[in-house]
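Each of the next two complexes has subunit A plus one more chain, namely subunit B in the first and subunit C in the second.
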Partner chain A sequence: MTRYLLRQITLLFFTLLALSLFTFCLSYWFAGSAVTNSSGIFPDDPSYATIATARGFDGGYFGQYIAYLRHLFAGDWGRSLLDGAPVFEQLIVRFGASLEIMLLALLVAWFPGVAFGVLAALKPGRSVDNTILGMSISGYSIPVFWFAQLAILLVAVQWGLTPIAGQINPLFDIPAVTGSILIDIALAQPANPQAAYYSAFMHMILPVTVLAIMPMMLLIRLTRNSMLDVLNKNYIVSSYAKGMSTRRVLWSHALPNAMQQVIRQLSNLISLLIANTFILEVIFSWPGIGNWLVRSIYERDYPVIQGGLLIIGSLILVTHVLLNLFHAWRYPQVRKDLYAAP
Partner chain B sequence: MLLDIRNLTIRTKTNIGTVNVLDKVNLQIHEGEIHTLVGESGSGKSLIARAIMGFLSERWDVTADRVWFEGKDLLSLSAAERRDIIGVDIAMIFQDAKSYLDPNLTIGEQLSEAVLDRDLDGSWWQRSKQRKERVISLLHRVGIKNHKAMMQSYAHELSEGAAQKIMIASAIAHRPKLLIADEPTSTMEPATRQQIYRLLAQFHARYGMSMLMISQDLGAIMPQTERISMIYSGQLMETGPAEPLLQKPYHPYTEALLNTSLYRQAESQPRTKLPTLPGVEPTLQHLPIGCRLGPRCPYAKPECIKTPKTLKLRDRMYACHHPVNLED
Partner chain C sequence: MATTKRSLIKTCTAALCLPVLIACAPQSEQEATLGVLYCAEGNPESFNPQLVTSGTTLDMTAAQLYDRLIEYSHKENNYQPALAERWSIDEHGLRYTFYLRDDVQFHTTDWFQPSRPLNANDVVFSFRRWFDPSHPFHSVSGRGYPFFTASGITELIDSMKALDEHTVEIRLKQQDSSFLANLASDFAIILSAEYGHQLLAAGTPELIDQRPIGTGPFQFSDFRKDVLVRYHRHPNYWRELAASEQIVFRITQSDHKRMLMLLTQDCDISPYPPARDVEWLRQKESIELQATVSPNTAFWAFNTERPPFDDPRVRQALAHAIDRDALLRAVYFEHAVRADSILPNTSWAHHPIPDAYRFDPERARELLAEADLADGFSMDIWAIPVQRGYNPNARLMAERMQSDLARIGVRANIVSYEWSTFRRRLAEGLHDSVLIGWSADHADPDNFFRPLLSCRAKESGNNRAQWCDPLFDDLLNAAIRTELMPTRQNFYQQAQEYLAIEVPLLPIAHSVRFQASQADIEGLQLAPFGGIELRRVKHRDTQELRP
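After this line comes the complex of A and B, so read on.
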């Protein structure tokens, strides 16, 4: 396991390095001055010359890259070309907001997804299975942006059950510290926390539900297929031969083994979830990374694009590696294949 | 009589309609008897074992005059009643034991599943301690001395023989009255096979349990076998005590199988054809009517298109219109 851990972390390190090299190159590939593109300081700014020196632009490319990395680690990711706001501080807050609905949607998707998948696998070819599969395929085929607008029209506008957009009623005046609204409410300690939580919750329902649908449908199909596969395995037969009840066999043998294949596919699912989160943030005016990044792309706000790319790429890579590590830690026969390699 | 199976018929649907995969098979196992069921692959041996254990899915239509275990009809039990018997009084071990172990649980965890809660008492930590002691004693009983390392290892770290020993340990956890062994040694080298046979014979002697051994090779059956049943393409051909059956088979199929086994081949003349049955075993879609051996049988006559009655001769039974070796 240690060897596998080291290998994964080394791989992660080099991939992150390559990613940072790519974002560094973007400063040159974008139109305009590379100094402005990476720092967000315009050439007519009095501090332009000192910034260019600090970022190594009077030396070679290698020195520039090293200076770029040093600035990255120091938390100086440049300033937005639009409003001069420091990119890193903004990113942290928006990252929290994005992560919040992402994790909640994953949580909402996980339990029904797995439960329906198992249910379908237990009666393959029956009406239960067909209903669940039909539901999952139609749910998966609905484009998320269309579904989100439909949900807003119906639930928020027609029925007036939930607010249309935003994170919380602005009258509560919760300062964004972590970006995650639930944590921010706890930190801000408003006069009426119940009402604040209620407002945040109502704002959250629609985006989280819409976001959860596609991963849930994918999870249903993944779980069903791997469960069907596992239920035909010999160790299921031998568990019954021990006199175990169906419930115990499912719980202690079938489900853990079925989850192995699901976890292997989970990083793809999370990549999909991240992409959908960004689309939904624009629709629901959720102050997350995606919302900001889309705006920055329209406005050619290069430092923001660079920072956003870096943080999204890192997020996907890190979740991938973490899932790999969890997979190898939880499922020992996976490690065997890895050790066999010289 | 421990296990009494009369006219067990198992049907399944194929593309040409419903087919009797198993055709009126009779099988009796007495207390403390080692009974070996011999047949080629696809002849329905494993199907009998799975029908006894209740493993067959709804695709298989199982009917029988009786499948009695100690007077209880196994086919009409509810799932809960069945669990009182399966795993306790009837246990089963399998071919390719490694694939019957969960790859993601340690051997210790899997063996402790075989220890039932009702055999333990006290608080939960006392119970878990007893459970562990049980597992260790089970491992010792199958001849695994290094129980600590074994309990922490995973299925992929074991050899085929060790995995089969684990399966045996889990099977004998409740001193079953009947142990079904579905080709437990067919993928093993001869030395390991003898080890497993010795272990099984040891438990047979110690606990007096009956065993239903399933094998596809007459030359590699358990040496302690008392009775042998021959099955071909879902029909029972011959049953009898091991020694006389191997010396003087009544059924042409038994005779043919014996001729193909190695020690008979050594007697055949050089440069002659090896004595085998012509043709291959029929597929489910092309089962012959009457005696299913008919098309391949060297003694077949026109009346073989009628299914022969099972005839009894002293302690042997055979189903054939033209038995061999019956002159005396």
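After this line comes the complex of A and C, so read on.
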């Protein structure tokens, strides 16, 4: 395991390095001064010369790259070209908001996704299976923005059940510290926390549910297929032969083994989730990173684009590696395969 | 029951207790956080109206955070006292004396505690900021003072001084019939001199425009870009206190989204509903729709510094190429009238010249041929990204115009940026042509000429046509040097005829401004001039806070 851990961490280190090298190069590939593109300070600003020196622009490319990394680690990610706001501060708050709905959607998707998948696998080819599979395929093929519009028009506008924009009724004065509204409410300790949580919850229902649909449908199919594989294995037959109840066979043998395949696929699912989160943030005015990044691309706000790319790239890489590690730690046979041991 | 609920919440984590919270959702609890949600169409560029001309920013700042010396009452058609309880003008119209109220308090916030009420120093400080380049705040924020520069009052003021603690005297270099109107406009607000000195001492002068202190009915609390601007009631306001404890501007660019948010009660007030939905909204009982014939003009300005737009024949050709009646139907859904002059049809100096701007593609082609451009050319049309009273959908208008222009061989690209970027690049003159407009700040016709098309307006970045013609400037100056209506009318008529020949811009429409609100909102009035006033706005019934 240690060897695998080291290997994964080295891999992560080098990919992150490559990613930072890429974002560093973007400063040169974008139009305009590289100093402005990386720091957000315009050439007519009095502090321009100092900034250029601090970023190593009087030296070679290598020195500049080192200075770039140093600034990254110091939390100085430059300033937005549009409003001069520090990118890093904005990034933290917006990242928190995005992460919040992403994690909640994953949580919402996980349990029904696995449950329906198992249910379908237990009766392959029967009407339960067909219904679930049909639902999952149609659910998977409907684009998320369409779902979102439908949900807004039906649930919010027609039935008047939920709000459609933002994280909370803005009349609650909750300062954005982490960006995650639930944590921010806990930190702000308003006079009526119950009402604030309720408002935040109502604001979350639509984006989280819509966001959860696609991963849920994918999980159903993944679980079903992997479960079908496992159920045909000899050890399942032998468990039944030993007289174990169906429930025990499922819980102790089939499901844990089926999950091995599912977890392996999970990182693809998360990349998909991130892309969908960005779309939904725009539709539901969720003040997350996607909403911001989309606009910065329109506006050619280079420091923001760089920061956004870096943090999203890192998020995907880190979750990928963490899932790999979890996979190897949880399933010894995976490690055996990896080390090509007998 | 109540105790079990409470203990449950205590034991649950935030996420886990959510289902419990639905079960015990507050129903009639009197909330500490009451207020009004106003869905604004863009981010404010600044929190100081002296620095801007954009209606979005004016709506969000001018009447909310600040007060002016005098105000214009469109009902009574005269000037009303505000911070100045009275004023006098000498017989030559050169010396203005303002007598200030002595009971006006500035906002008390975490970052500033005023030690004294408003006095003459604050007024001198605020005015000198824009007309005196040696003022310590003159170049802070680096945006210039587009309204004041463009309307020429920075040059007009000879001197200004405090006669005593509550009396201010302004001397003008020459008579100007629009001076009081400009002082009553949203731009001539009063800042706190004490706050200015405090910021200078702390070395952070730029905060004066970012964490504003004024005397207005609301005080600044919070701004999250793209999300919200929050104001609280100013508890020591010199007039009747604001009716609502809190005003939150939710920033929502899309007009369609704003309308949906109105229906789901995510907004209480929403300006500029989509023109195509106006009739439908009118039928809704839960929504109240207000309309005002605000004097405004949407126009298409050509950057006259860039070839081929420096040639008047090309500009005339482009003006003849556009079918403006079709635009009225497609973009305004007939909630507008065709503009045949830059000056709105409600003004006493309005002088329409329909022939100069008539739809005539034949004539347009001839003119292009005369200018050696028979093969056409390609150009950019910048379309404002937000909805304004004068133009509900500039993008759609630009698309329509694209096809009109294609008929005379002109290929048009549509360009758009986020609103504050758009305005900045526009002021730098980076455009070929722009679809924009102007809403009146006050009733004087001068408001449509000097701030828009004078040479000074060009210097200040507000002249969208980058057009500077000394002859035209002379006409405008002649018109404000007199108080005699027929003479002024005559000069403005000549000015409009001159514009019809030079065509630095094509007037398109004078439109009706709409605003929608929840039916239980009261105290909301759309004024024909200037920004919106929210101090009397509140929910009629004891409000239950909606999730």
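Some observations on this one:
We adopt the following convention: the second predicted complex is superposed on the first by the 340 of 342 C-alpha atoms of A that agree within 3 Å, B and C clash if a C-alpha of one lies under 4 Å from a C-alpha of the other, contacts with A are read in each partner's own complex, and residues count from 1 in each chain.
Definition applied: a residue touches a chain if its C-beta (ideal position, glycine included) is under 8 Å from a C-beta of that chain, and two chains touch if they have at least 3 such contacts.
Predicted model only: the values in this text are computed from it and were never measured.
For the composite obtained by overlaying on subunit A, subunit B and subunit C can both be accommodated side by side without a clash.
Looking at the shared chain after the overlay, A:239 reaches subunit B, while subunit C stays out of its contact range.
Shared-chain residue A:257: touches subunit B; no touch with subunit C.
In the superposition on chain A, contact of A:195 is made with subunit C only, not with subunit B. Figure note: vertex subunit A, arms to subunit B and subunit C, all at CA centres after fitting on chain A; angle 160 degrees, rounded to a multiple of 10.
By the touch criterion defined above, A:247 lies against neither subunit B nor subunit C after alignment on the C-alpha atoms of chain A.
In the superposition on chain A, A:83 makes contact with subunit C only, not with subunit B. Judged by the touch definition given at the top, the superposed model places A:331 against subunit B, while subunit C stays out of reach.
Superposed on chain A, the gap between subunit B and subunit C at their nearest CA atoms measures out to 29 angstrom in whole units.
No residue of subunit A lies in contact with both subunit B in one complex and subunit C in the other. Residues of subunit A that touch subunit B in their complex: 233-235, 237-246, 252-253, 256-257, 260, 330-333, 336.
Residues 53, 55, 79-80, 83-88, 91-92, 94, 96, 99-105, 113-114, 116, 154-157, 167, 170-171 of subunit B touch subunit A in their complex.
Taken in their complex, subunit C has these residues touching subunit A: 9, 14-15, 17-18, 21-22, 24-26, 29, 31-35, 37, 221-222, 224-228, 230, 246, 248, 250, 252, 257, 260-261, 263-266, 417-418, 420-421, 545-547. Residues 82-83, 85, 104, 152, 156-157, 160, 162-166, 169-173, 175-176, 182-183, 185-186, 190-192, 194-195, 197-199, 201-203, 285, 287, 291-292, 295, 298-299 of subunit A are the ones touching subunit C in the complex.
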